Structure formats: C-alpha cells, structure tokens
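Consider the two complexes below, in which chain A is the common component and chain B and chain C are the respective partners.
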Partner chain A sequence: MTRLAALARRPWIWSFVAALTVWAATILFTGGSSTVGLSQAALTFAAFSILVGIGQMFVITLGPGNIDLCVPATMTLAGTVALKFMDVDNTLILPGLIVAIAIGVAVGIGNYALIKLLQIPPIIATLSMSFIVQSTAIWTNRGLRIKPPEALAKFTTETSFGIPNVAFVALVLSVLAYVLLQRTVYGRWIAAIGQSIRAARMAGIPVDGTRFVTYILCAVLAAICGYLLASFSGGAALNMGSEYLLMSIAVVVIGGTAVAGGDSNVPGIWGASLFMFLVVSMLNTYGAGAGIRLIMTGLIIIAVIVLAGGRNPNQR
Partner chain B sequence: MTDEPQRHAVIEVSDARVSFGAVKALDGVTMTIMPGECVGLVGHNGAGKSTIVNVINGGLTPHSGTIRCSGTVAPRYGIGTARANGVRCVFQELSLCPNLTVIENTRVMHRTLTGWGWRRRAAAIIKAKLDAIFPGHGIDVASPVSDLSIAERQMVEIATAFSQVAQPVRLVILDEPTSSLDASLATQLLAYVRTFVASGGSVIFISHILGEILSTSDRIVVMKDGRVVAERAAAEFDEHSLVAAMGSVVKGRDIAKTIKPTDGLQPLLTAPPRRGKGLPFQAFSGEIIGLAGLGGHGQTDALVDLYLSRTGSWLNGRAPQVTFVAGDRALNGVFPLWSILKNLSIAHLSGLSRRGGMLDDPGEAALGQAWKERIEIRTPDVDNPILSLSGGNQQKVLFARALATPAPAVLMDDPMRGVDIGTKQEVYAILRAEAEKGRTFIWYSTEMDEVCLCDRVYVFNNGAIVAELKGDDVTEKNILAASFMGAAA
Partner chain C sequence: MRKILSSDTIRLLIPALSLTILLISVFYLQPRAMSYTGLNLLFNLSVPIALATIAQMLIMTVNDLDLSMGTFVSFIACVAATFLQATPVLGILILAAAVATYAAMGVLIHVRNLPSIVVTLGMSFVWGGLAVLILPAPGGQAPEWIRAVMISKPPFVPMAIIASITIAVVSHFLIMRSSFGVILRGVGGNARSVERAGWSIIRARAATYALAAVFAILAGISLVGLTTAADANIALRYTLLSIAGVILGGGEFTGGRVSPIGAVIGALTLTLAGSFLSFLRISPDWQIGAQGAILIVVLGLRLLLNRLERREKRA
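Let's look at the complex of A and B:
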C-alpha cells in the first residue's frame, strides 16, 4: 500500500495511466485485433516525440521563459541537409548523422547567441532563429523530396524482437538523458538554475555555460529526430517538423515536468508521447471527424494536466 | 481643572508593540505628535523607525497598544483611517507608477479627484504645490514619471503628499526625503517644512543627516532596538550627543583584538575604490573584515561585484577563489524544490564528482552528515525538503554550503537576519575557528554587535568606502560617527 502511495506521488505516473487507459479503450473497441499493430505504431511515432521532448525538457528545466521554438525548423533542416548529403549512398549513413548533429550544434549556438548577445527573451530568439533555419531548409531543398539511403530507411521502419528500431534509439538516448539529469553535476546545475537563477549564480554555478550547453543539447536532439524522421517517412519534407512544435512542449508538460522549471523527469516523456499518439488513434478508431478529433484531443490533454497538476501539493 | 481648551494631539500612539517572529520591532513605543510641530526621528538601522511610521500611516496594526486621532481612540486604525485623519507619508522607496504621468499619479494618491476635468484640476493642484515647495523646479506635470530623474520623482512624491484635495493635510511623514535630493533642493524642502509647521501642520522627519534633523525639528525622538531611548527638544541636542544617544552602552565583554601586521603581505582580494570614490578594498588571509555603514549604502553591491568578478559564468574551475553566503535567502540563497542535502552540496559539486562529472553519492551523503553534526542543523534527515527547516536552520545550511567549499575567501551578505541568538553564537565560533585556519571572511552586517566582532571594518556611505577602522578602533561609536560623517559631507 505504501509502495502504491509512493508510486502515486511520482509526477510521471499519470501520463502512463492516461496512455494505458487510452490504449485499453482502443483495443477493447476493436476487439483485440489491433493489439500488436497499434502498439508498434504507438512506439514508433512516440519515439520521435520522445527525442524532441527530452531536448525541450532540458530547456524548460532551466526555468521560466526558457523554451526552444526552433525545434521543427531544426528537424527540417537537419533532415533535408543530411539526406541530400547522403544522396541514397549507404556508406554515408554515419557521416550523414554527423552532418545532422553538426547542424543541431550550429542552431543551438545561434539560439543562445541571440538570447545572450542581443538580450532577446528565448521565446522570441528561438522563434526568429526558426525562420532563418526554415528558410535555409527551403533554399537547400528547393521543394524536392530526397530519398534516404535504403539501409537507413529499412532500419527506421523495421522492428527487432517486435519492437520498432527507432524506439530502441529513443530508449538509449532516454537512458543517457536520465543519467545526465539525475547522476551528473550538469543535471544538478540545470535544476538549480531552474529554481533560482540568481541563487545558482551565487552558488558558483557557471550559469551561462550551462544554459549554452542545454540549448545545444536540445537542438542536437531535434536534429537527430529530424534525421530519423526523414529517413522513416521516405524523404525530407519542408513541413515535416510542424506538428512537433506543440508536441515537444505538450509531452514535457503532460509528463509531469514543472513548467516553472527546476524539476523534470524522463519517464514522463515516454508516457506522454505514447498518450499523445494513442489519443489520436483512439478517436480515429471511434470514427470521429477531424474537427471533433482536435477538440477532443485538446480537452483530454487539459484533463490530464489538471489531474496530474493536482498531485503532491507539498512540493510546489 | 482649567478652562483652557486642551489642544489634542494629531496622533497619539501609546505602548505600541510589534514583533516579527522572535524579533521585537517595537517594544512599547509611545509617541505623541502635536499640531504645529516637526518631530525628528533618528536611530540606527533596525531601530524601529520604519515600523513606527508604518503604524502611524496605518499600514501595520500593532499587536498591542492604542492609537488616538485628535484625542479619540481609533479602534480599527488602518490606511483609510489614517488618510481620513490627514496623515500622509512620503516613502523611502519611491512609490510612483513610472508608466503614468505626474498628473495621473496625483490621481492615484487622491481618489477624490473624479469626474469631468480631473486632469485639469489635478494638474493645477500638483503644479501649485511643486511651485510652492520647489520654486523653479522645471518639472512638466504632463510627462510620464519614467522620464523624470530620481530627484524629480522624489520632488513629485513630496508635493503629492503635501497637496490638499479633500481632507486637510495634518501630518506628513518624510522618510529620508533628502537622500536623493541635492543640497539646494533639500534646503527648499526644509524651508517648506518650517512654513508648513508654522501654519499648524505636523511633520515626522526621518533622516540620517543629523544636521538637517537638528536644524529643522522642534523635538527629536531617538529610537534604538524598538524603544524610544531619548526624547528632548532639538535645542538640547548637538550632533555628538545625538550620536551618543543612538549608540548603546559600550559592552564590557569586548576583548582586545590583535591587529595583524599586514604590511608587505600579498592581499588575497583587492578592489579599487568604488565608482572612483573613497578608499580601495583589501583583504588579507585569515582576516574577518566587516562592511559597516547604514543599510543599503552599497555594501551588498560591493560583495556581489567582488563575487561576480572572481567567478566565471561560462566555465568554473575546480578551485573557486570566493564563495558567498546569501542574506536574502529567498532571493539568492535557497533552492526551494530541493532537499537539505542538495542545497548544502551544490557549491561543492565539482569537488564531489568523479571524472566525467558523475556524482559521488556516498561522498555527498558523508558531507551532509558531517556538516549536519558540525553546525547542528536541526532535522532528523538531511534528505528532508529544505523548506521544512526554520529560517535560522536554512541559514545554517547556506553557511555549510559556503564553508564546505575549499574557497579561501567567504563573502557574507548580512547572513544573520532572522537568526536566533543561540545559532548566532554557534556561527560566530565557527567563523573564528575557520579564520584562525587562514580563511578570510568579508562580512556585511546591519547589526552593530556583529560588526564589532570583526578585525577590521570598512564603513560605507553612498556606495563608497569612507573609512577604515582597525582592531580596538572598531567600536560602535566610531562606526556610527564614520557613517554619519560621510553622510554629512
């Protein structure tokens, strides 16, 4: 009983409860026939949300006002340039990944340079950066759909042991992110900055250095996600990142990370990402029209946040 | 028994007591303000001046004691009652809305300015009053307050308080009104205060510039530790006796301090004179250096600048030169979501981590346990949230955070606010022991007793160091004299 109570106090538990409920509701409706297909699809699409969500989580942990709105543009640019660079050549898969990561690093540096040098609030800085990045993507792409190398396309669309490969990638990066957040000095620093940037500076934390690294980290994760998503969907498209703007923020919030910063967790991102995909599939299965679907999605997200927000009144 | 009608006091506060936690801000203060007098109110920081002002202007209800307005007891005295009785206050912190014009700010203070043409009426009122108090002021009343200089804002605020709209103005409280005015404007204000008093109004005048107090007041009230310690006609005081009245009796327990010879030694920390004025700052190894002077005269800024210039915001080395103990816990000390342990270890994480930045959990736990015992943090478990501790114990955690680092210099920004006397004694002992081992402490304190514990004291005034006192010269009297000497200059 005490164990259950301790579990209920975990902020991330609610996103899993919500995801499981929606999953069960969908399965029941279809009489169990879609169990494997639905689960695999959920894991695949959730994996992309998880990648951008983790990056966004690190940024949001930095405290009020910190957000990266450049995520979709970074995904698009990284996907486009990496695919163009690889040019369906299987031997260039790894160099292509490095190109994508380099783009992420560059965007991250650009973001923090705008925030720090021009003293622009992150929400404006990253949004204006996203216009620059998106325009660069349009200029590179010129509206063509470039195919991914065959081996990479195969890797991203197939499963191993019944689990999609991209979910494994997301799992490995999630474990790394968890270790980084919970077990390293850097993780302590970002949590401290999120609680009180002034106290953090006066405790000897290199505040600018830490924030700089965090914005780069977020952009790199978005770039990796763009690289994988472009390969998964058979080529980079200019609008491929657009739904991930809201998604990256929503999964962080539903996952139980404090919007005010300083308190975040990785498991919640998984629950929330699965939930976000499953809600849409459930409404599709029920045959809801597009308008109803959007409204219901919005209402369900609000309900989960309200439920999860009522948790642990002592903590905040 | 006489037929002569008795003149009633404007405000009569009797035996007012206010305490904030364990701190007695007012300890039975009785104060009577008669019509047509200017009462000077002096005392060191924390003497209770602002508290009694807040009681009189209705912002603070005393926990015991009565307030009479014009001879009748006001049972529920508040800001509304105070204003209805003609009490106005000019605050030390400027309280105008910067985005509104002078006219609109007048309207904010005087609610009765309503209906058609209030702007015209407000403009006329405020302009007339500014002209009366500060002839030739040159303030455009239609301009927004944010366009005015600090001195001009203070002038507008003073004029607003003196201007009469609905109720007659009977008592104006001026809380350090001249601190942002230059000499000629101050003279104009003081002259106006005298004419206001001559016409039957009353003024409570607070200032740290003793010359002003002596020349302007009819009567001077000296406060110390929440009590009125002296109350006499202004003519019976001079500057020297006023300083003496503010200070406490010299305590016998003071031990003779040895002045460590510092000539030829390499200073640990140095700073040039601030804003090019006053004395430079130097700190040697093993010293406890006090930063004294009136509150808010640049001591905290000096400490913060010293800290920021010695630590990096982009990278930090493994061996920090300085560490900081915050006084304003909520603003720049405590991380509220965290446990006691995480709050304690944050400054020393680089020393607690293995290669690659991975945390050393057993090492962290051991550090927490060691400091919990050493400075007696009263908690069953250091994994409890920091906010479960009392303020004094939170402060101990902040001390431990700083002392746990290997930094040779510890900067302390009035860290003993709200700390009980027992804890203070424990911390003083730790400071002494650490200083003997060669650590340097730079300690800003608003409490005179603490400043007197220091080996060497820099006295601040208006952002600059105006005096340096060493060893046996570190006495309350000398420090007070130095703080006011600078202010008068």
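Let's look at the complex of A and C:
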C-alpha cells in the first residue's frame, strides 16, 4: 500500500494512467481486434514526439521563459538537407545522420547566440531563428519530395521483436537523457539553473556554458527526429514539423515536468506522447469528425493538467 | 537632459524609431505609398493584429501567456461571418460566452495554480475545433456594418491610422492610467503585495482574461470586416505575431512591465515589415526569413539603446 502511495506521488504516473485508459477504451470499442496494430502505431508516432519532447524538456528545465520554438523548422531543415545529401544512396546513411546533427548544432549555436549576445528572450530569439531556418528549408527544398535511401526507409518503418525500430531509437536516447539528467554533473547544473539562476551563478556553475549546450542538445534532438521522420514518411515535406511545435511543449508538461523549470521528468514524456497519439486514434475509432476531435483533444489536455498539475500547489 | 527622458519614454522611443525607419525605407522604395490610399493599404491589416497584440499584452501583464490567441481570433472571425451576420442575437450570445470562457480560464489557472501555457494550448485545440465545426470550408459573409466601418474613408487620415491611434489611446488609459490597470500590473509585478493590500487577485485575473477576450473579439470582427469572408485557419499566425508585437513594443514576459502604445507600434512594425519585404522584391523563399531578420535587427537596436541609457546613467 505504501508502495502504491509512493507510486501515486510520482508526477509521471498520471500520464501513463491516462494513456492506458485511452488505450483500453479504444481496444474495447474495436473488440480487441486492433490491439497489435494500435500499439505499434502508438509506439511509432510517440517515438517522434518523445525525441522532440526530450529536447524541449531540457530547455524548459532551464527555468521560466526558456523554450525552443525553433523545433519544427529545425526538423524540416535537417530532414530536407539530409535526404538531399544522401540522394537515395544506402552507403550515405551514416554521413547523412551526421549532416542532420551538424544542422542541429548550427541551429542551436544560432539560437543561443541570439539569446546571449542580443539578450533577446528565448521565445522571441528561437521564433526569429525559426523564420530564418524555415526560409532556408524552403530554399533548399524547392517543393521537391526527395526519397530516403531504401535501407533507411525500411529501418524506420519496420519492427523488430514486434516493437517499431524508431521506438528503440527513442528508448536508447531516453535512457541516455535520463542518465544525463540524473547521474551527471551537467544534469544537476540544468536543474540548479532552473531552480534559481542567481544561486546557480553564485555556486560557481558555468551558467552560460550549460545553457549553450542545452539549446544545442535540443536542436540536435529535433534534427535527429526530422531525419527519422522524413525517412519514415517517404520524404521531407516543408510542413512536416509544424504539428511538433505544440506537441513538444504539450508532452513535456503533461509528462509532469515543471513548467517553471528545475524539475524534469523523462518517463513522463513517454506516457504523455503515447497518450497524445492514443487520444486522437481513440476519437478516430469512435468516428468523430475533425472538429469534435480537436475539441476533445483540447479538453482532455486541460483535464489532465487540472488533475495532475494541481496535485501539490504548495510545493515550490 | 537625463531628467526629461524617463526610462519608460526610452522604452517607447525604440519601437517608434524602428517603425519610422521602416516607414521611411518603404517610402524611399515606393514613393507612391506616401498617399492616403497607400497608407491605408500598408496599414489595413495592422488593425486586427494591433487588437490581438493588446489582448496578448493584457495576458502578459499578469505574467501569463496565451498560446490560443491565433485560434481564438480565427474562431471569432468564423462566428462573425456566420452567426453575427445571420442571427445577430445568437452571435452576441456566443461572443459573451467566449468572454465568460476566458474569465473562467483565468480563474482556473489561478485557483489550480496551473501553467497558462498549457491551459491555453489545450484551449487552442478547442477553439480550432469549434471554428472547424462552424465553417468546415472557407466561407461566410461579413456583417454589413463591420464592412462599412472597416472600408470607410474619413477625410485626411486613413481609417487604419485612426483605428490604430484609438486602440493605442484607449488601451493606454485603461492599463497605464486607470486604477484597474495599476492593479493588473501590480499582479504581474508582485501578486502577494497586491493581495495584502486588500485586492482580490482572482477577480483581477478573471477581469484581465475577460478584457483580453474582448480585445481579441474586436480583432476577429475587424479581420472579417477586411477579408469579407472567414476560414478556420484565418488568423493562426496571430499567436506568434501578437507575442512578437508585445516584445517589440518594449513589453516584458514577467513583472507586469508592458506598454500599450508600444504594443500597437510593435504590431504596426510587424505589418509594415511584410510590405517592406515585398517592395524590396526579395524572393518569396526568403520572405519569412527576412521577417525574422528584421525582428532580430530591431531587438538588437533595443539592446544598443538600452546600453547607451545605462552608460548615461552612470556618467
């Protein structure tokens, strides 16, 4: 019983409870016939949200006002340029990934340069940056849909041991992120900066360096996600990142990470990402139209945050 | 000299300066814009953006952020082009319900101590869904009277300019000069001290959100007056535009430091930036990018002037 109570206090448990409930509701409606398909689809699509969500979580943990609005543009640019570079050549898959990561690093450096040198609030700095990155993507893409290399397309769309490959990628990166946050000095620094930037500075933490690395990390994760998503969906499209802007923020917050910063949560991102996908597919199975689906999604997000967010308002 | 320019004035000086520079460059590129019709065309679309920016600024005054601004304005535009046109009474009831929803949102955010970003994020889906339900395909028709107001041609000064100035003056008096405005900014600056002084913060937040909804509703209605028809995605850009407008105008995300006049100027600057780029004949590929660059340049300018101000203070 005490173990159950301790579990209930974990901020991430609620997103999993919600995801499981919605999953069960959908399965019950279809009489269990869609169990495997639904679970695989959920894991696949959640994997992409998880990748961008983790990056966004690192940034949000840095404290109030820190947010990366450049995520969708970075995804698009990285996906476009990487696919163009690989040019359906299977041997260039790894160099292509490196190209995508390099774009992420470049965007991250650009973001932080604006924040630090021009002292622009992160929300506006990353917004301005996203305009420029998006333009670059339009310029390189020219409306053409470039196909991914065959082996890569196969890897991203297939499953091994019944679990989608992209979910494995997300799992590996999540574990790395968890270790980074919980077990390394860098992770402690992020949390400390998020809790009080003044105190962190006085404690001798390299605040600028930590923030710099964090913005790069977020952009790199977005770039990797763009690379995988473009390969998964058979080519890079200019609007492929657009839905991930709100999604990346939503999964972080529903997952139990404090919006005020200083307290992050990797498992919650998994629960929230699965939940976000499952809600939409549940409403689809119930035959709801686009309008109803949007309204329900919104109301459910609010309901979850009201139930989970107000748990202990006196904390902090 | 130092006494004459308060830091608030300097805050306002930078956005005004950037607008002037941008306006001069537009006139230089296209002298024909320097006319009654030219100015009207340049600033026409800035009226709804300015109203949405003021709405966003109100929310930012109490340290919150509204990510649903764009979808809300779209929703209102859809209501205005359908219900408000066909059955005005029902239309007004819907608008009143929307204001009440905003007030309830403010109360909910306050009582449950929720992050406004997430609640408004959720609401953006709701407004978007409602808009799709009302107008699944672009259509509807603007009510006659709105159309008449928006395209009216007062003597000497174009409608767009008169409207912008009115918005700026009205909101300035509301936020900077009234006791209600002082409480609002107090909530943003130090909620605890406002509470100790005997004011209800819940009521202040609810009022802020309701007032923001009123401005956003005006934005949606004026937008329909300009476009004559509506569509569920008509104003999605407004979320980011309104935030950028407030910041360009010298407002801050926290601390209740806002400037209504600055916000209107910021909205005008953003609108003008679009026209400026098309006059420059920049390839469409780079239009969005150049808008980002203008944003960066203006904010860089602000940093420079802030530094100068600080140096002057030290001297």
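The working rule: the second predicted complex is superposed on the first by the 313 of 316 C-alpha atoms of A that agree within 3 Å, B and C clash if a C-alpha of one lies under 4 Å from a C-alpha of the other, contacts with A are read in each partner's own complex, and residues count from 1 in each chain.
Note that a contact is a pair of C-beta atoms (placed from the backbone, for glycine too) under 8 Å apart; a residue touches a chain by one contact, two chains touch by 3 or more.
Keep in mind that this is a model prediction, so the values were computed, not measured.
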Exercise. Applying the touch criterion given at the start, work out whether A:Val207 contacts chain B, chain C, both or neither, answering first, second, both or neither.
Key: first
Quiz item: Who does A:Pro121 touch here: chain B (first), chain C (second), both, or neither?
Solution: second
Practice problem: In the overlay, work out which of chain B or chain C sits against more residues of chain A. | Solution: C
Exercise. Check the residue A:Gly298 against both partner chains and state whether it touches chain B (first), chain C (second), both, or neither.
Key: second
Exercise. In the overlay, answer first, second, both or neither for which of chain B and chain C A:Gly65 touches.
Key: second
Quiz prompt | Partner chain in contact with A:Thr184 - chain B first, chain C second, else both or neither | solution = first
Quiz item: So, does A:Gly262 touch the first partner chain B, the second partner chain C, both, or neither?
Solution: first
Practice problem: For chain A, give the residues common to its interface with chain B and its interface with chain C. | Solution: none
Quiz item: If you look only at chain B, which of its residues touch chain A in the complex?
Solution: 304, 307-308, 311-316, 320, 323-324, 326, 331-338, 342, 346-347, 349-350, 353, 356-359, 385, 401, 405
Quiz item: Quick one: in the complex, what on chain A touches chain C?
Solution: 64-65, 69, 114, 118-121, 123-125, 127-132, 134-136, 138-139, 246, 249-250, 253-254, 259-260, 289-302, 305-306, 309-310, 313
Quiz item: Along chain C, where are the residues that touch chain A in the complex?
Solution: 67, 108, 112-115, 117-119, 121-133, 136, 240, 243-244, 247, 252-254, 285-293, 295-296, 299-300, 303
Quiz item: Which positions of chain A touch chain B when the two form their complex?
Solution: 183-186, 188-189, 191-192, 195-196, 198-209, 212, 258, 262-263, 314-316
